[in-house]
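Next come two complexes, and both contain chain A; in the first it sits with chain B, in the second with chain C.
Here is the complex of A and B:
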């Protein structure tokens, strides 16, 4: 861990170089991937394909924004995959009582579970890994309980305003893409331009010094986990609107995808450093890899995980080397 | 702390993978699925009604979206059957596998359509949630045949037809086999399939309905083994501890049944003799166990949808009416025929 309080690393020059490499590395890879795919696969650049790519990425991006905040504080949130599925089911169930219920219910419930995560982590000093693992199981269990072990899938009326939220488009681009984009900009501003953002960096950079300097570490932690839970619930609600039903089988292992894109985007898993832009690039990279393997078609889709895994490994190793 | 986190995350990633057992050499020698005799008559779906263009199968690009990774014999045989039939008819098959990820199945299907397939065969991961994919197919007038799992969308509008087994019936037939094998007396443990799945719900309902008229047979325990062999084995081990007087096991697929046999043998019981084992699927491993005398009966769930799926698409192209549901006829294996019919198993 670094001993300085600023978000930069041990020495400014090395830190600057590290930051550039971490952030630009993923960006360069993304630009290269897109350029090559565009040239090699005639259908990659088609508007339909790009729209689908962006839409598929938007749900993951919303979750990964929350995860970025959590990881910068030096924590981890394993509950987001379950909260995502739970949010979807609650939204579908709530949709029978109108638009507001469909949207508010998942946000409130998932936000509350996130709040409990944050309180437990901040007040009892338990490891975030354990606390959020427990709520991963809790939320999945709750979901099974309210759906009769998943036998009962709540459907959303296809004509309702809520479905429009997931399936409506502007110039063919789905609303969830714009939601994700707005949240990414907001997230970036909160992280870099507010006191809360500074506290997030300080908490992850050197927690004990931060406490001594009067940074409200506990409050910051509670807030980031609440945010992460709420965003996972929102992503679930948007997915339910898109699928027109509260599907119970989604979100398994999604927390790992979210962690992967955050790390690929250059956020340090040890905390103290990271950007929302990097996370968005990470989402792009993962989704483009998946799309390209589909374009190749003859390649076994198992290779998607292999390629994503290799990327993750390279990034983590690079981070380790650069921080020496 | 950081190192611990990394290790922990790595461990989580690893648990997602399961070893794949050496696949059986010839999984596709058995008979293909055929439509059962008495189909429910209803208004069919004719191409004229939909306005879709006629597609010549020969030389056509056909997409197949598989739902789960091929770690179990059912999926392997299903995919192989589709591949073989596509090759036989000179169609070009594009294949994707959603790896149990619903969002991936949607983008898989969309990208198949984007790459220009004219016909689609989909093995749905889930009964709900594929609406965006069906809408994309509808927009490009690509007929979709769904196999093995039924979806809740509208037949003829969102998809053409569903080809698959009657899972309730399979459960009922398993119950009949159980009644025959036990003489109508016994304590039954049920190894349930994965939660949130209509296959599990239907096979449970069929079995329970089937034994209702037989008061001597009582269900003493039901636990999920998630259609998985090692989980089936683990659950069986616990059930033997808590209910040592179990005399019969109904497993909702063969993999769990095979796992249960291992557990029973380890506990010093004789599966097939003092504990009857009945399951559904018709895999090579289970049917072999019947022939060896340590399994009671298997109700088949035929995964070889290839010929019937392509026949259906061909008929639709010609303008014939296609029923909304095509139920296939499934076979049965018991001690009298397992040895002869072993070649049909997959």
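Here is the complex of A and C:
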């Protein structure tokens, strides 16, 4: 009895092929999408466009990394869109006191709001949906209050080191892309190669069992929401640096984009399973779709979200079918 | 006798919502002994375990622990989506020199550790892909490997196949030899007498007996658990089935040539009104599949189901409408909705019948629920009590009530007494008997041969998805059934 379960399948090659499709459905879709766009739209493959694509994706990716952790624990974080906007405004306001203030202020404030989310969810057993919905409203309100309902837009001095963080490039690729890449690699490592990561999976996979297995479930939840808030603040700060101002109207509905890319990337919305790589692929997919719609150009901007909505649905349905 | 207690409990009392779950309980576990903890459901075993492991804080009394305690529960408490090796080493993963989890070593260690428990499955695959027995073994391996001085096993064999039970008991003995103390909770007398040194009997939250097990005759032990005198038990027996039901009528259910490759192959079953037909066979012989095929929940290659001579379409809806109801094997996942009340759980299946224009009459509901709670003797504080708060036996009765209030003609019961205690078991058995006497046709699936032999008028024996024999009257003996199950697997069948 030394044969393993995996070897007993009838047609191993076919089984392996389906397995790849199941696991990497989003990746396959992304490759196809990129290939087709490359052929159909000559401008799609230009280096400029690809740089722009990566930069646009990097802000969403940073938020979605945090969201991946939250969703794997079986939770949801609706506050990230508001925290993203709040982080940007705080960074712009803080930039008058120097680089450190511009970076630290959004991270600390958004991290604290995330911490409160986590504490409420873990200690009082309130539904994550409700708690983070409340902080969505709270953060958006706070943002409007400190900007006089958006009348004050804080500018960032164009020569400051902080702007460089958002606009600086290596080989034409913006710094935020590298920040997102480093965070993605770190996130993957934390998720799969640390005890905390295993606790995240256990918490979302079977919470009651996790408690009995000695997993610090409450602590794990507090940490993932703190992380999610902090990363949303960071994405906001980087966006402010890139735009050279704290724009108040951004980030509305961004939490839904973040959830969408996480789910497209194969993370179970019910928790217990997911990967950072999948999330990154999900970000790629959604950004390529938006980019292509822009390439077509003739599409009414209102129909852009109709098209991307339909497309997302198609991708998710395909994944569902492949998983059978 | 030298005493070296690893756990000492004195005068522990624990009350939940006004109900006393434990009342002034003393309990001592000596180092290296195997201690049986027995009692009916609701006797306080689970509460005592939770107090021992620190999940519950007692209202009064003291607990002294001189060692690490690991617990394995009746339902496997691991994470199905995580890999086998991740489950095994969760919280104490092997690290590489960068402090990161060394996955290769984790898998290698896991594979080697599990080989000692007879498991050769791929340790990097999700735990949920393993058979329940294998999962239980992983849980055990985890508990033991965590360097425990005490291992508490709560009904560890309730979902295992006979062969797996042997492996588990072997492991228990090995632990015993290594000086680990074990608290063994089980309803299976054979297992208890084979491996346990001492026994503690709880009844209604009170410790009614503690002492060496070998000196305690089985019947005395049962009497202590039930609170009935030995004489009563000798007269009534420990199963509560009555006499056979005489039924000469035409079969109300006929299943012909049911085939669903590869699970079942050409199975024929017929049941007359008022008859209990037992379905015997080893795990995997196609018992559950046959029942599922009859109710239309298993896709068929061929075969027909006739109710009162008329063919029934092969869907659950059609089967239910024709009067077939099934009590599924796993009441946790396939039946009970824990957060709903007893009333809501009972009327669930009958709602379409109770409602008019989509509005459900509450007074009708109350009347029906009241009838069944009384008739099935379901112990509830009120019909509005959450089902999750009931004991296993009472949950099973709630499920039974749910199907009975759809007024079925045919009842398929898959392991109706699994995991419930001796007293509740007897009650469920008596109920099955009563229902048959009232004219219901019953298909009874059970791994317990005694239950089948006592409860059935006829037994259909399955082997590898096909009918291996049909026994009636004088043939209803242990020997005949085992012979039919197959000569070459006699050893396994004997310990059914």
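Rule of thumb we're sticking to: the second predicted complex is superposed on the first by the 281 of 324 C-alpha atoms of A that agree within 3 Å, B and C clash if a C-alpha of one lies under 4 Å from a C-alpha of the other, contacts with A are read in each partner's own complex, and residues count from 1 in each chain.
Everything that follows uses one rule, which is that contacts are C-beta pairs under 8 Å (C-beta built on N, C-alpha and C of every residue); 3 or more make two chains touch, one makes a residue touch a chain.
The structure displayed is predicted, hence computed values, not measured ones.
When the shared chain is aligned, no partner comes close enough to touch A:229: not chain B, not chain C. When the shared chain is aligned, no partner comes close enough to touch A:66: not chain B, not chain C.
By the touch criterion stated above, A:43 is placed in contact with chain B alone, chain C being left untouched. Set against each other, chain B and chain C differ in how many residues of chain A they touch, and the higher count belongs to B. Of the two partner chains, neither chain B nor chain C is touched by A:87.
Contacts of A:245 after superposition on the shared chain: chain B is touched, whereas chain C is not.
Applying the stated contact rule after C-alpha superposition, one finds that A:193 touches chain C and leaves chain B untouched. When the two complexes are overlaid on their common chain A, residue A:167 makes contact with chain B while staying clear of chain C.
Residues 1 of chain A lie at the contact with chain B in one complex and at the contact with chain C in the other.
Those residues of chain C that touch chain A in the complex are listed here as 71, 73, 77-82, 86, 90-91, 93, 99-101, 103, 120-122, 125, 129.
Put simply, chain A touches chain B in their complex at residues 1, 43, 46, 48-49, 52, 56, 59, 74, 76, 78, 129, 144, 147, 149-151, 153, 155, 167, 239, 242-245, 247-250, 252-253, 256, 259, 269-270, 290-291, 294-295, 297, 300-302, 304-305, 309, 316. Every residue of chain A that touches chain C in the complex is listed here, in rising order: 1-6, 189, 192-195, 197-199, 201-202, 205-206, 208-210, 212-215, 268, 272-273. Partner chain A is touched in their complex by these residues of chain B: 1-2, 4-6, 8-9, 12-13, 16, 69, 94-104, 107-108, 110-111, 114-115, 125-132, 152, 195-198, 200-201.
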